[in-house]
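You will see chain A twice below: alongside chain B first, and alongside chain C after that.
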Partner chain A sequence: MNRREHITAFLFVAPACALILLFVLWPVVNTFTTSVYQVGLTDPQYGPFCGLANYRALFDDPAFGRSAANTAVFTLAVVPLQTALALVFALWTNSPAWSRRALRVSVFLPTVLSLTVLSVLWRLLYEPASLSGTGLFNGLLAGLHLPTQPFLTSPRQALWAIVIMSVWQGAGLQMMIFLAALQQIPAERYEAARLDGAGRWHQFRHVTLPAIAPTAFFVVMVTTIFALKLFVQPFIMTRGGPEGSTMSVVQYIYEAAFFARDLGLACAAGAVFFVAVCLIAVAQRLLLRVVEDRQ
Partner chain B sequence: MPVRARIFLVGFVAVVIWATAQCRRAPEDTDTQVITVWAHHGREAENLAMRRIIDAFNEAHRALGLRAEITFFPDRQYADKVSIASASGSLPDVLEVDGPYVGPWAAEGLLQPIDDFVRSELRDDMLPSLIQQGTFRGSLYTLGAFDSALVVYYNRDIVEKNGLMPPGRLDDAWTWDQFLDALEHVKPHAAVPLSLHMDDQSDEWFTYAFSPLIWSNGGRLIGADGLTVVGVLDSPENTAAIRRWQDLFQRKLAEPTSTNPNPFAAGLAAFDWTGHWMLPSFEHTEGLRFGVMPLPRTGSVAACASGSWCWGLSRDCDDPAASWLVIEWLLDPEQGIQPIVRANGAVPGRRSAFALFPEYEHMPRRLFREQLESAAHPRPRTAIYLSLTSAFARALRDIALGADVQTALRQAAESAQRVANRQHDKPGPSDNRP
Partner chain C sequence: MNRSRGISSELVSLLALAVAVAFAIPVLWMFAASLKPEQAIHEDLGSPRSFVTFSPTSEHYIAAIRRGDVSTTLVNTFVAVALIALGGLCVNAPAAYAFARMRFPGRELIFLLLVMTIIIPLEVIVIPLFLTVRPTRSLTAVLDERVWTLGALSIPFMAKAFNIFLLRQQFLSLPRSLEEAAFLDGAGWWRTFWHVALPNVRPAIVTVLLLDFVVHWNDFLWPLVVCQRADTRTVQLGLANFFTQPPILWGAVMAYGVLATIPMLVALVLGQRWIVRSLLTTGLKQ
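On to the complex of A and B.
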């Protein structure tokens, strides 16, 4: 490349770099600095430096531990379920037939709609039997003579009700990514496998799966990060209740900043969360490399 | 790069720069002093009325060289918007404040006291609930043009046909036992004996609607210092009052969640625990015959809720005396109160303003006025109000679903106390305690 091309290349990258610096890196650095000061939400200036006091208060608060545990359970449940469901849908709809294409659209549709709107709708679907009416799911259960369920109003069921809704909502996008990977696999490989006498399962196990493994890792990583950022669904459907069973880390941060008006504490929680998400992403990346090296 | 593209690029940049410069060019009358006003975005009729009030102010103050400019922000984001503007030092001169925010914003030094501007005639003419709402640690920070009232509506066709005569006066408010008896009585005749709007998405509804149970039983939400919660929110009086409230759900007299946001208008509910804001829609519901009664008492005193949007001067206001003129105009019975109250249906905030509203001589509005003049409590004004209200609302939601009252209130108290303790350690404007 000559000098002129270097300059042109730099000019092309510069706007993106400037935006990332301004809206991603600077806020991250700012979060870490704010987390070691006493500072209220509306204070125009930082209060005194307080070292790790905000972090100590954070780890002393049982609500933070609870929200971290809820978020972990949610992520551990959503990631395998959603990835598996997305793969099943991708295999099922990987065909030019119009009926399969219609199915593909209907599975993809929830990802296009607003999560807020979907949360409101699902709250109505999950509504328990009450004096003035019954939600759709409980109506179906009652119609089938099965016991009705409290769903969102039970501390034991609420998080799982949100897991199911989130899997349904998110699987469509992952399905599209899997579909793209499936369509990259050359047909000759299946032909060769069939000539060697491989049945459908062996074709899937030895042709499809190895070919889409890198995509699967990508999907798992993206889903993990999305799942860890859980906020909208419980905030709208349960407000973190009942009895704190659906409180997420992001809601904890929001409440620390805007209710407790404690920016120092909120930034400490944000910093801990940031480090945790980074560590998980890096761990997954390393795992991917190990698997790739083995192949 | 081809020449044509270069010309295009230069032209484009020039247009962008020109457009940006245009945005910055505010109307520059050097003689006019602009007072900036921020308000929440209400219903369309309300916003229109607000604009008219401000236009009339500008007309009347043209000779003085004053001009008010109002900006509306969506209701849900209004408080966050103000908090962020405060941190960046870009608050307007005059701020609309939702009642419960008076405590946090005054404690954070975001508002400045207005005692010096409020003449005694004005102070005496205001509803006492509005003076209380605007007072934080002995100083007055806000005044509002209107207030709210919380009552129990009843369906005459269900309630009176079953031989019940609900009271119309505060002094005759039912006791909790009388109320439960009445609900049991109408239970066979109504799908929902009592509608409590437990599906409300805001935390504030719960604190607004059910704190009167605690006050009526002699309890408080938070200590007088505004920072003691443990031992106060979970006191024996409060536990007893909230247990009585939990009876409603356990005896299936009210539902802890609801698929129907408005069963009363549909004729499904016998009683509806809600505010003045539902009155106009009930009045326009065909075939609905209803009456209004005060909240039942859990203890020896009748208590009811109050609180609404009010006006204050911000920390960044450079000319408080000129800005006060805007608030004074907004509180003027004819210029400010009449147009806004006609648009939003709230209760006028000044005694003298009732002369313009003859409907307050008769039921049901007579009860709204009577409550606000004698028994209304605003929610507590404390720096930690937002944590307190969210903890209390969370506890009430769980209690309605069957959680143990004592445990839920204790956990709520502990979670709010944690915030209060950190507030206590913090230096700054919040430390100016009397």
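On to the complex of A and C.
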């Protein structure tokens, strides 16, 4: 009986495990093994073993440093902005009034739309003033008699234009997660705080904030990983330009593989990226533990 | 005192509506631009007329279908996404059930390893994943290129640790008495799973199918890597490609965007109450 249960269980679990092994874990291993060989995109076989030469080439390439810096700036800007905005909207729309429900729907809508469609859309919205067609934002600026902006065509503004678009796109999902957490807080706690004479700020500081802290942490972690994977927005809106100012790590990996046709280099970049993502996730975990111990 | 509070709460409501409109501006503009003559799109900029159209035209939708071949890309995407969702259910549901109910050596360890794969983003492994599926391209001598692309688009994403996790939670929340009754009637594991457990987690199944549908409908990077012929492209890729082919007609590009959006919005609206129900039952039974 027990043997038969084991065999049945194995048959139930095996297909899913085999697919995950083949399409998730094997590629992870392959990232590291491929990164120490010379391999061209169309080579039928791996070239010679080259040790850490791909890594050396990677760290000598200023474009990689640039893309890592861009991705870091993007992440450091998007995560706090988006989390703060999501929290504000969650607090604001945590009410049955129909105007708040309208706001909730409107903020949530972009998160379910495709990033590709929205990137194409915002590329047109950001279009600089020109004869061939001015974008909506510059049209509005001109309508208000304000100076028009180059947005995506300026190396100084492009990454920030993408940050704003990404915050607009992503805040809704986190707002929903925060809302779910807010609705779990029992009303009696606010009642008790009010009886103790706590004002609105004190209620927020001593009832709301502690109750949603675990959710906030979860939200920050997920958003960080999402921000690190930045690719679609700059790839469609700017192709990484102007002057490499919006090139992301994922686009660097993609171009190393399919434009420079150097799979060894692409996998070395992938390996560095993988380790960085894991380290950041672990660091955030540790930070949480330190904060929890303090309290 | 009371009256002033009433006024200020009205003001806050108005402000909420204003922010709601501001957030929706890009999407409103996309719909409006897809429906008005190209010249009107540019003439209306900077005025509230940007968001309405008095002379709707279908010319952009016709251009997107003729020039951009939206119908082919929509069919490709739909088939690939349906394969992911249904194929995924076939492998994920039995695994989830085994992790929830059966006893076998290494169960906890395997489950833990699976859950850990949730955080590995596709973006990190996209090149080696391409190396994994590439050797099968020689099959295109036997298979059609379109068939190969559909397989490459769908098979790697069928098994999904997150879906196994979600379904397992649902199976765990079922009362055991249901399945014990089936066992007493002489049903084996397979029949109990198929006839008793699975029908009882229907909202969760719809949720999982829908999540797969929405997530993969929007895929961009992986189709960019594997779709190498125009007739194998997915709709997102088709849009990105259409967008780079001069002359860029704004109306047609926006019409393409609307067409790429609507199937997914319809799926979400239809499935919304199932998602809510499955999340609610998870909460109630724990």
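Definition applied: the second predicted complex is superposed on the first by the 275 of 295 C-alpha atoms of A that agree within 3 Å, B and C clash if a C-alpha of one lies under 4 Å from a C-alpha of the other, contacts with A are read in each partner's own complex, and residues count from 1 in each chain.
Here, contacts are C-beta pairs under 8 Å (C-beta built on N, C-alpha and C of every residue); 3 or more make two chains touch, one makes a residue touch a chain.
The structure presented is a predicted model; accordingly, all values stated were derived computationally and were not measured.
A.B. asks: In the superposition on chain A, see if there is space for chain B and chain C together, and answer fit or clash.
C.D. replies: clash
A.B. asks: Look at A:260 in the shared chain and tell me whether it touches chain B only, chain C only, both, or neither; answer first, second, both or neither.
C.D. replies: Once the two structures are laid over each other on A, A:260 reaches chain B alone.
A.B. asks: Would you sort A:209 into first (chain B), second (chain C), both or neither based on which partner it touches?
C.D. replies: neither
A.B. asks: May I ask you to decide whether A:40 touches chain B, chain C, both, or neither, giving the answer as first, second, both or neither?
C.D. replies: Touch partner of A:40: chain B, not chain C.
A.B. asks: Touch check for A:76: first (chain B), second (chain C), both, or neither?
C.D. replies: So A:76 meets neither chain B nor chain C here.
A.B. asks: On the superposed three-chain arrangement, identify whether chain B or chain C touches more chain A residues.
C.D. replies: C
A.B. asks: Is A:26 touching anything from chain B or chain C once the two structures are fitted on A? First, second, both or neither.
C.D. replies: Second partner only, chain C.
A.B. asks: Check the residue A:146 against both partner chains and state whether it touches chain B (first), chain C (second), both, or neither.
C.D. replies: neither
A.B. asks: Of the partners chain B and chain C, which touch A:134 in the superposed model: first, second, both, neither?
C.D. replies: Touch partners of A:134: chain B and chain C.
A.B. asks: Should A:287 be classified as contacting the first partner (chain B), the second (chain C), both, or neither?
C.D. replies: Once the two structures are laid over each other on A, A:287 reaches no partner at all.
A.B. asks: Between chain B (first) and chain C (second), which, if any, makes contact with A:84: first, second, both or neither?
C.D. replies: Neither: A:84 stays clear of chain B and chain C.
A.B. asks: Identify which of the listed stretches of chain B (23-31, 77-85, 275-283 or 347-355) has C-alpha atoms clashing with chain C after the superposition.
C.D. replies: For chain B, the listed stretch overlapping chain C after superposition is 77-85.
A.B. asks: Just to be sure I follow: which residues of chain A are touched by chain B in one complex and then by chain C in the other one?
C.D. replies: Shared contact residues on chain A (touching chain B in one complex, chain C in the other): 124, 133-135, 236, 258.
A.B. asks: Within the complex, which stretch of chain A touches chain B?
C.D. replies: For chain A paired with chain B, touching residues are 38, 40-44, 47-48, 57, 61, 63, 124, 127-128, 130-135, 152-154, 236, 239-244, 255, 258-262, 265.
A.B. asks: For the complex, which residues does chain A have touching chain C?
C.D. replies: 2, 5-6, 8-13, 15-20, 22-28, 30-31, 34, 92-93, 97, 99-100, 102-103, 105-107, 109-110, 112-118, 120-125, 133-136, 138-140, 142-143, 168, 225, 228-229, 231-232, 236, 250, 253-254, 257-258, 263, 266-267, 270, 273-274, 277, 281
A.B. asks: Residue numbers of chain B touching chain A in their complex, please.
C.D. replies: Going by the criterion above, the answer is residues 79-80, 83, 86-89, 104-105, 108, 110, 191-192, 201, 203, 252, 255-260, 263, 268-269, 384, 386-387, 390, 393-394, 397-398, 401, 403, 415, 418-419, 422, 425-428, 430.
A.B. asks: Taking the touch rule as given, give the residues of chain C at its contact with chain A in the complex, in rising order.
C.D. replies: Residues in contact with chain A: 13-14, 16-17, 19-21, 23-27, 29-30, 41-42, 45-47, 50, 90-92, 94-95, 97-99, 102-105, 107, 110, 114, 117, 119-121, 123-132, 155-159, 161, 164, 188-190, 193, 214, 217-218, 220-221, 224-225, 236-237, 239-240, 243, 250, 253-254, 257, 260-261, 264-265, 268.
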